[in-house]
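The next part holds the structures, each set out as structure tokens.
Here come two complexes built around chain A, the first alongside chain B, the second alongside chain C.
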Partner chain A sequence: MFSRAYKTVVTVPPLLWVTVFLLVPYLLMFCYSFWSVSPAQAIVHSWNLENYKELLQKTVYWQTLLRSMWIAARVMVFSLLLGYPLAYFLSFYAGRRKDLLYQMVIIPLWVSYLVRAYAWKTILGSDGVLNTLLQYVHLTRHPLDFLLYSPFAVVLTLTHIYTPFTFLPIYAALEHIPRNLVEASHDLGANPVQTFWKVIFPLSIPGVVAGATFAFVLSLGDFLAPLLLGGPSGIMISNIVVSLFGAAYNWPLGAAISLGMLVIVVSLLFLSERLEKKWSFS
Partner chain B sequence: MASPIPPTIAVSASAQSAAKPALLSIQHVAKSFGRNAVLRNVSLEIAEGEFLTILGESGSGKTTLLRIVAGFETATSGELWMGPERLDHQPPYRRRVNTVFQSYALFPHLTVEENVGYGLRVAKRPAAEIAQRVAEALDKVKMTAHAKAKPSKISGGQQQRVALARALVNRPRLLLLDEPLSALDANLRRQMQVELKSLQREVGIAFVFVTHDQEEAMVMSDRIALLRSGELEQVATPREIYSRPATAYVAQFIGHTNLLKGEVQGGIVRCAALAWPAPLPEGPVLLSLRPEHVRLAGPGASGTGVVRIRGRVMHQAFHGATELIRVECADRLLLVVRTASGGVVQSEVELEFSAADAVQVRESPERI
Partner chain C sequence: MELLVNSSTSNTPCSRWLLVHALAVFSFLYLPIAVLILYSFNGQGVGGFPPHHLTFDWYRILFADGPIWDSVLNSVQVAFAAMAISLMLGIPAALALDRAQFPGKALFRRLVLLPLILPGIITGLSLLMLFNVMGTKLSLMTIMLGHGTALISVATTEVFAGLQKLDRAQEEASLDLGANYWQTFWRITVPNLKLPIIGAALLIFTLSMDEIAVSFFLIGRDNTLPLEIWGRLRRGITPEINAVSTIIFVFSLVTIVIWYRLRVRAEGGVDIGGELVEDSSTSTLSS
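Here is the complex of A and B:
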């Protein structure tokens, strides 16, 4: 149907793109993770497993990884708790306002991440909007200091930022449920609550899994929210990677952590793919 | 020449069904979507154990009427009564009415067995009872072998049976069927018409069946309610609706017919070059004459009450057992004649029909 030349023209650029900007960097990172840094701050190209040994032995990396996962898990749960009801309402009850409300969920995605993170800074800070208000109505006498520079602030900000990402696949899954299945369920005597748990929710599971994966994976790799709002107690694993590639100048160790993260994320994606397949019916 | 529908039987059958107590009473139901009136003032009674077909073209409002009975739509005005109980105030899940959907609407995440047991599970019946009733229902529709299959793994005809079992297992008082056979191919469809009808007799549940296919309606129904642009045109047994169509629309929608426009003067009907005595009121008249009631006349004089006319054959269409012949008579009167297949007829024919077979029908008012 298409000529050889045409096929070449359309396939080569993307292949080239993936090779140069994805495969080569990963390969380089893979190599770096087996190299080391000399006391004179030079990269030594001798193959060894020292970086991985250090990762396994030093508890600081494990603790930070676990904290990152705990933060990501909370973001995932909160964005599901916010995103699912929102998607459900929009899909089933919004009627003619559906498109408008959908746009309102999407529009925040056009605003820069940094702007949204800084917005929380001005809200949560010790002389921020929230603390001023709380003192003004005499609920507190002194500013609450756990609001900013804490894991709480990171979870809050990331939930705010990633809820649309959770909302979208859930909304898509709900929109795909044929409405006559809901009618059939009512027809067979199931009330709206029974219908939700027996028909709507099971059929929306692929969307829930996709949304949960988005929230967890994106939060796990985030470094800006902890950098801006996390403070010392809200440091996440990506902040360590950033400093290892920057000020600490230990690219090999940074590469090793990154590779470890990559393995975790890829396994998660694989798992979520399996789950989605298991719950898709067409 | 035998007319396929002896009118005497039609009359007795209608008297019989009217005597049964009404199970569902639809009273003055109207429905509008915005400014678009889909149903206007529909009143209809459905008897216990009856097979009633709501017949109509697409857009006639038949599916909307069914959805109002099921509870998926709310009527703009009017009432539904099931015995002493007002039905239209109940949500669909409290109505003892079940539906077989046009596209079956089987739950894709549940097996055939789980689909059939759904209604009993949400009603919290004991597990042993559910298992037994589901097994019986699957047996009744011959789907026991596929009990563990997911709906996507079985054929359209099989899905249709499962949908039927899923509705019937709940022992509803009324079963609604929304064009359930329209997705099946012609052979399977005819087979299912017979099976569905015998199943209905066996279970004794009233069926309200929606279709646009007049042949299907004739084959299966005890009574047909013909809906046109949101209003009932006629409700009668298939025989009655065929032999005594109330309006020109009914006569044309159900089978073929010749519509003759004429004038009654002094007990004589005049229509084009034809004239015959008939006990009809004075003034303009519209008559329906079925093609099978017109025959090719033999030589010699005909009896009393028989009308004769000569015409030129315009077209002859072979339909298997019968043929339809279009004949142009004097004064541009076109008559369609149904005869037993008997080869090509000559170009000039002599036609005759009994005056009694030309049935008066009302003009169908224009509706938008």
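Here is the complex of A and C:
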């Protein structure tokens, strides 16, 4: 039905654009990671493995990467713990208020990421809302200073930001479960708990995997929340990259780390795709 | 059926716990927003309980603050440009994915959708390297290109979802009756995709207005609003930031409500960007 010319016209411009502005930049990142910086701070375009050697040898990179993954893993778990029961409640118990409640989960997404991180900063600070409230009601005498500038603050803020992201695919998966399956389970004598674990939960796994991937991948690469709320102990891998591209001026080393992140993220996406396919019932 | 599940289970301890949990999660989600708005009226600055001296002073200061409004203007320009770029490429990309077969289609699909799930730092840095190699000076223009490119994913997913529901017979009839492809596109395809396109445009606009990770690396001399706020946060916090955030929040909320009304009236459906999350999560990498 559609002519060759039509197909060419709709295919070529986006294809070219995506090649120039997405594919080429990723390839450039790959190239940069093999280059180096001269003492005069110019990029030397000679190919070598020095950056990767440095990454393998210096423990600070590994430690920071592991810490970032640990932070991301905690964010993932907390987002699931908050998001799953909420999605389940909305899908199965909310009745007529379902649509309204669904919109209410989405609305915080429309408050800028930066602004929400900032709001947590004003809540957790030593003369912030929480500490002054605790002192006002005489629960504490001195400000609790582990609240801000700690991995705790980063995990809390990122959990706040990614819970709706985790909620959405889980909710979508729960909504797609044919209700007659649930009915059948009830009719055959299963109690609600059994129905949940034997019927509903297995069918919602693709959504869980998608939500978990969102939370993990997006928090793994975050650098703004750690800068704003993390303090020295909350530094994440992207913060090292930012400083390598800024003051430390070592783009090639920064590119090598970014490429490592890209590889981790893309592998995780492949893995999650596999898992989703394996568990999808349609 | 839903009634049945509800009535048979609505008073179990289990459902009561779920209700309590839901309330707790909503409080967690809305606490920072409430604090943000409340303290924009607090005469004593940010933090400090209980709030004292409710005042509009911070809004007054905000309205007289030149650099903030310059950055808002910059952000609006960037958002419109990003919207134009991503729609101009995202709509054909969705048509291509729906209707054409070409070598590398699977890779193309994955590449287009990747910026949606990739941490912004990777998109930002890779583009920074591109502009550096091409010798392009960083400016609002580079941010427009960055946002435009990253958000093609949004236009493509929304329009592609719309195309799946589209009845091709209309297009076929139009072509049979002698309209050319161009006429058919403008008179049949686009009007039928009106809602997904408007939805994508609104989403792109708001996402671009808020975007910071990509802009962070592509910024020239002129700040966008999030970067202006970022710069100020590093110097210390003032309720002026709460005030500007509150205004933006109210603005976004109004936009969503209008969009919601539009969509409910048109098709009775209710979903803002839900397709996006659903589609990007389940098919980012599937071909």
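Just so we're on the same page, the second predicted complex is superposed on the first by the 282 of 282 C-alpha atoms of A that agree within 3 Å, B and C clash if a C-alpha of one lies under 4 Å from a C-alpha of the other, contacts with A are read in each partner's own complex, and residues count from 1 in each chain.
Everything that follows uses one rule, which is that a contact is a pair of C-beta atoms (placed from the backbone, for glycine too) under 8 Å apart; a residue touches a chain by one contact, two chains touch by 3 or more.
If you're wondering where the values come from, they're calculated on a predicted model, not measured in any experiment.
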First, second, both or neither for A:V199, with chain B first and chain C second: first
First (chain B), second (chain C), both or neither touched by A:T163: second
Partner chain(s) touched by A:W279 [first = chain B, second = chain C, both, neither]: first
Contacts of A:F92 with chain B and chain C, given as first, second, both or neither: second
Broader residue contact with chain A after superposition on the shared chain, chain B or chain C: C
Partner chain(s) touched by A:E183 [first = chain B, second = chain C, both, neither]: both
Which of chain B and chain C A:W47 touches, first, second, both or neither: neither
Overlap of the chain B and chain C footprints on chain A, listed as residue numbers: 180, 183, 186
For the chain C and chain A complex, residues of the former touching the latter: 1-2, 4-6, 8-10, 12, 14-15, 18-19, 21-22, 25-26, 28-33, 35-36, 39, 46-50, 88-90, 92-93, 95-96, 99-100, 102, 104, 108, 111-112, 114-115, 117-122, 125-130, 133, 145, 149, 152, 168, 171-172, 175, 181, 206, 209-210, 212-213, 216-217, 226, 229-230, 233, 237, 241-242, 245, 248-249, 252-253, 256, 260, 270, 272-274, 277-278, 281-282, 284-286
Residues of chain A that touch chain C when the two form their complex: 1-3, 5-7, 9-11, 13-15, 17-18, 20-26, 28-29, 32, 82-83, 85-86, 88-90, 92-93, 95, 99, 101-116, 118-123, 125, 127-129, 132-133, 136, 160, 163-165, 168-169, 172, 179-180, 182-183, 186, 192-193, 206-207, 210-211, 213-214, 217-218, 220-224, 228, 238, 241-242, 245, 251, 254-255, 258, 261-262, 265, 269-270, 273, 276-277
Partner chain A, residues of chain B touching it in the complex: 70-72, 91-94, 97-99, 101, 103, 105-109, 118-119, 122-123, 150, 152, 166-167, 170
Complex contact set, residues of chain A against chain B: 178, 180-181, 183-191, 194, 198-199, 202-203, 279, 281-282
